[in-house]
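Both of the next two complexes hold subunit A, though its partner changes from subunit B to subunit C.
For the complex of A and B:
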């Protein structure tokens, strides 16, 4: 067994027994949030990190997934859990449409178009009150009192998302995505239908993000447009998770998710109540500094530059294997 | 029937006609050279064949069927592979991954694609470099990578755009050898080249263009002795009467 597989198995066991050992709802909640971010970050990374199509509007898919679940409950009188299946599919269809429109644009224009797309959906959700309840938001009743079912479901979803992306990246699709990232013209001349495969990447990405949104609705039991379609808290955070963890790596966004949720919560709670309250106002600034630090010293993120971190921080010399 | 026919091809960029009424055909199994001074429209012709640029007028026929207006990736699937003059390695992929990605054009499983790629790396003498990042290859290796990648799409017709440019003399001989080997495997070759040693030794027929128009066509000897060609390359004072 390789060292890497062993590490993954240990990680899996730790995550499985964590909520049985740490009984605190608060810490379980944080890890559930991190799992949601693993899904969003990994999905964003598939599109931006591997396929080279940087999205500034992943809140669009997250919010659509969340609202699908919410609307299932409030308008159709069904369980919001139905939204788990349909949230992903609705987000995928939105992704298909966005791709159809936006993949005529390359580079920064695609990024700007997704930025606008995210804001458009936020405004729709705010103003279409007969469907979405507008700024009032959607409130449902949580299915479970305990965090445990949510914890294990989120763990399963996050694992499935990362694993599926891992499988995709080892297949024809994965090779095509990276080829498109590296050179669209060359890819096209090698017989790769770049428009099609960019859309495929976007659809997979939007599906998992939508599913994460639907799970969020079920778990938090309350959404409003400012939360789930937030540019700052969702779209930009998705990018930060990817960049800090490592763009274009499988485990990068997973690591980034835990780091970012950790940093965010540490500041939001003013170092768990140990520091003066005003520090909690500083979390946005710390995010900024963190990104500057990562870009300057770890351009490939924590996972992408892991060997560098080992060398400088732990003083481990690269082995000669 | 010719494998590739170019009929009265015109490509205009605004008022500039980069290719102005060029007609030629490439027979199956031959090495067909396309020559001309810088800016004469050679690469533009390639870009029109695989529809990287839309054609202004005229037609391109592959195996008797018009491929005008087909998307670039479809042209590739039909069996026309190409290399780029300004090489386009997929920089942050390994050499093997570059060729594997391309082999997926014809096969669907990673194992088949990788086997295909390994064979082609052997063929193009890149096996030793297979795990290096494409961006770390020197120019000679990058040119061979371009060829391996184009071959991985299993073309019937291969368009080589200045494959020998920038190579040193010993690499040149290897390149000539490689191009011949490709043809011997049954692939028809349309090659753009500036280096006369290469184009004159390997071409069966040569087509010379200047300012987007045909100035000569025939065997290498005929073209080399053609007044218009000498004038275009060396200037009028070198033309013997």
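For the complex of A and C:
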């Protein structure tokens, strides 16, 4: 058994027993949030990190998934859990449309279109009150009072998402994706239908993000357009999770999700109540500074730049690695 | 008919200011090939400068152009020199590093403004703020008309600069072909710095001109960033002439949308146009010209 496999098994066991050991709802909640971000970050990474199509609007897929689940509960009178089945599919169809519009074009069209897409859906959700309740938002009743079922479901979803992406990247598709990222013309000349495979990547990515959104609806039991279609706190956060962890790596976004949720919560709670209160008001600024800092000094993320970090932080000489 | 004409007039007037925003974005896009997602936030900074000047020093918003434009020019140069250009050397998988950086810059700028001025809405009261004059039954808002005239003057000055001066020609050369321009002795790093400064100064002028009409808050930048790239796509990426058409078209379309569809959907109109342009006319309005030529 290799060192890496052993580490993964230990990690799995730790995550499985974590809620049984740490009974605090607060910490369980944070880890559940981190799992949701593992899903969104990994999906974003499949599209941006592996296929090279940087999306600035994953909130679009997340919000659509969440609203699908919410509308199932409020308008169809069914359980919001049905949204878990359909949220991903609705998000996937929207991904298909976005891909059809943008992927025939070269240039920054995809980045712009996704950015605009997030805003379009936010405006629709705000203004189409008969369907979405507008700014009032959708409120449902949580199925479980305990956090445990949510915890294990989120763990399962996050694991499934990372594992499926791992499988995809090991398959022929994965090589197609990377070749598109590295050189689209070369990929095209080797007979890869780049438009098709970019769309495939986008569809998988939007499907998992939509699932994460539907789960969020079930778990948080409240959504409004400003929360689930937020440019900064969903779309940009997805990018940050990917970049902090490491773009183009399987475990990168998973690491990034835990780091980012940790950082966000530390500042929002003003260092868990230890620091003066005004720090919590500045948490959005910290967010922006983090974007700047990470891009300048940690462009390939914690996982991607691990050897560099080891060298600088732990003072291990390159020769001894 | 009057309603329609009135809507059209309002659209064209606001379109003039959109032109300034769009041209700035277009210049940056043309020379550096990146979308500047901090564009609206730079305008917000200029608006706060104008606000401070007029609220505390009683400087007329239009005079504060003399302060706001150079200030934003310097800020733009600074951002390009110390935050965006160093990224060229950073090795990374993602090509969109610089775009992400502009997002970060935009967020930091908005939060600094919130830190200093809080989230409250501010506005500048001017003696002419609410005044209007009438031609037949159509009303012309005075500050909008002044802003429109300023926008024309600044645009003409910019085009003169791009066509006649050495630096302006270098900017156009870099936009056309960066490598060839470098081979011809253009210092392309310097040109990117000047271009970002110029783009910022242009959007700053738009901010100062909007002050007598709009109220002001730290998050005002976001929607204008989105408008800016809709204008650029509409006009054709990186084309300054296209940005003028794009700006006017967006202004008129938004105004028509607000009158005939509803205020809530006003911001949607721009995005709908955006998607339609992407589907049917990827080259933008400049693309039509090329189609006709060929």
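We adopt the following convention: the second predicted complex is superposed on the first by the 314 of 321 C-alpha atoms of A that agree within 3 Å, B and C clash if a C-alpha of one lies under 4 Å from a C-alpha of the other, contacts with A are read in each partner's own complex, and residues count from 1 in each chain.
The rule is short, and it goes like this: a residue touches a chain if its C-beta (ideal position, glycine included) is under 8 Å from a C-beta of that chain, and two chains touch if they have at least 3 such contacts.
Here the structure is a predicted model, which is why all the values come from computation and not from measurement.
Judged by the number of subunit A residues each one touches, C leads among subunit B and subunit C. Legend: residue contacts after superposition of the two complexes on their common chain; A:143 is shown touching neither subunit B nor subunit C.
Applying the stated contact rule after C-alpha superposition, one finds that A:191 touches subunit B and leaves subunit C untouched.
Once the two complexes are overlaid on the shared chain, A:171 sits against subunit B while remaining clear of subunit C. In the overlay built on the shared chain, the residue A:287 is in contact with subunit C alone; subunit B does not reach it. In the superposition on chain A, contact is made by A:179 with subunit B only, not with subunit C. By the touch criterion defined above, A:295 lies against subunit C but remains apart from subunit B after alignment on the C-alpha atoms of chain A. Of the two partner chains, subunit C is the only one touched by A:101; subunit B is not.
In the superposition on chain A, the residues of subunit A contacted by subunit B and by subunit C overlap at 248. Of all the residues in subunit C, the ones that touch subunit A in their complex are 29, 34-35, 37, 83, 86-87, 90-97, 99-101, 103-108, 110-112, 114-115, 222, 226, 229-230, 233, 237, 262, 264-265, 267-268, 271-272, 274-275, 278-279, 282. By the touch criterion stated above, subunit B contacts subunit A in their complex at residues 50, 52, 71-73, 76-77, 81-82, 84, 88-93, 97, 100-102, 104-105, 108, 110, 113, 149-150, 152-153.
Contacts from subunit A toward subunit B in the complex involve residues 170-172, 175-176, 178-179, 182-183, 185-194, 248.
By the touch criterion given at the top, residues 48-49, 52, 54, 56, 101-102, 104-105, 107-109, 111-113, 115-116, 119-120, 123-124, 126-127, 181, 231-232, 236, 239, 243, 247-248, 282, 284-285, 287-292, 295-296, 299-300, 304 of subunit A touch subunit C in their complex.
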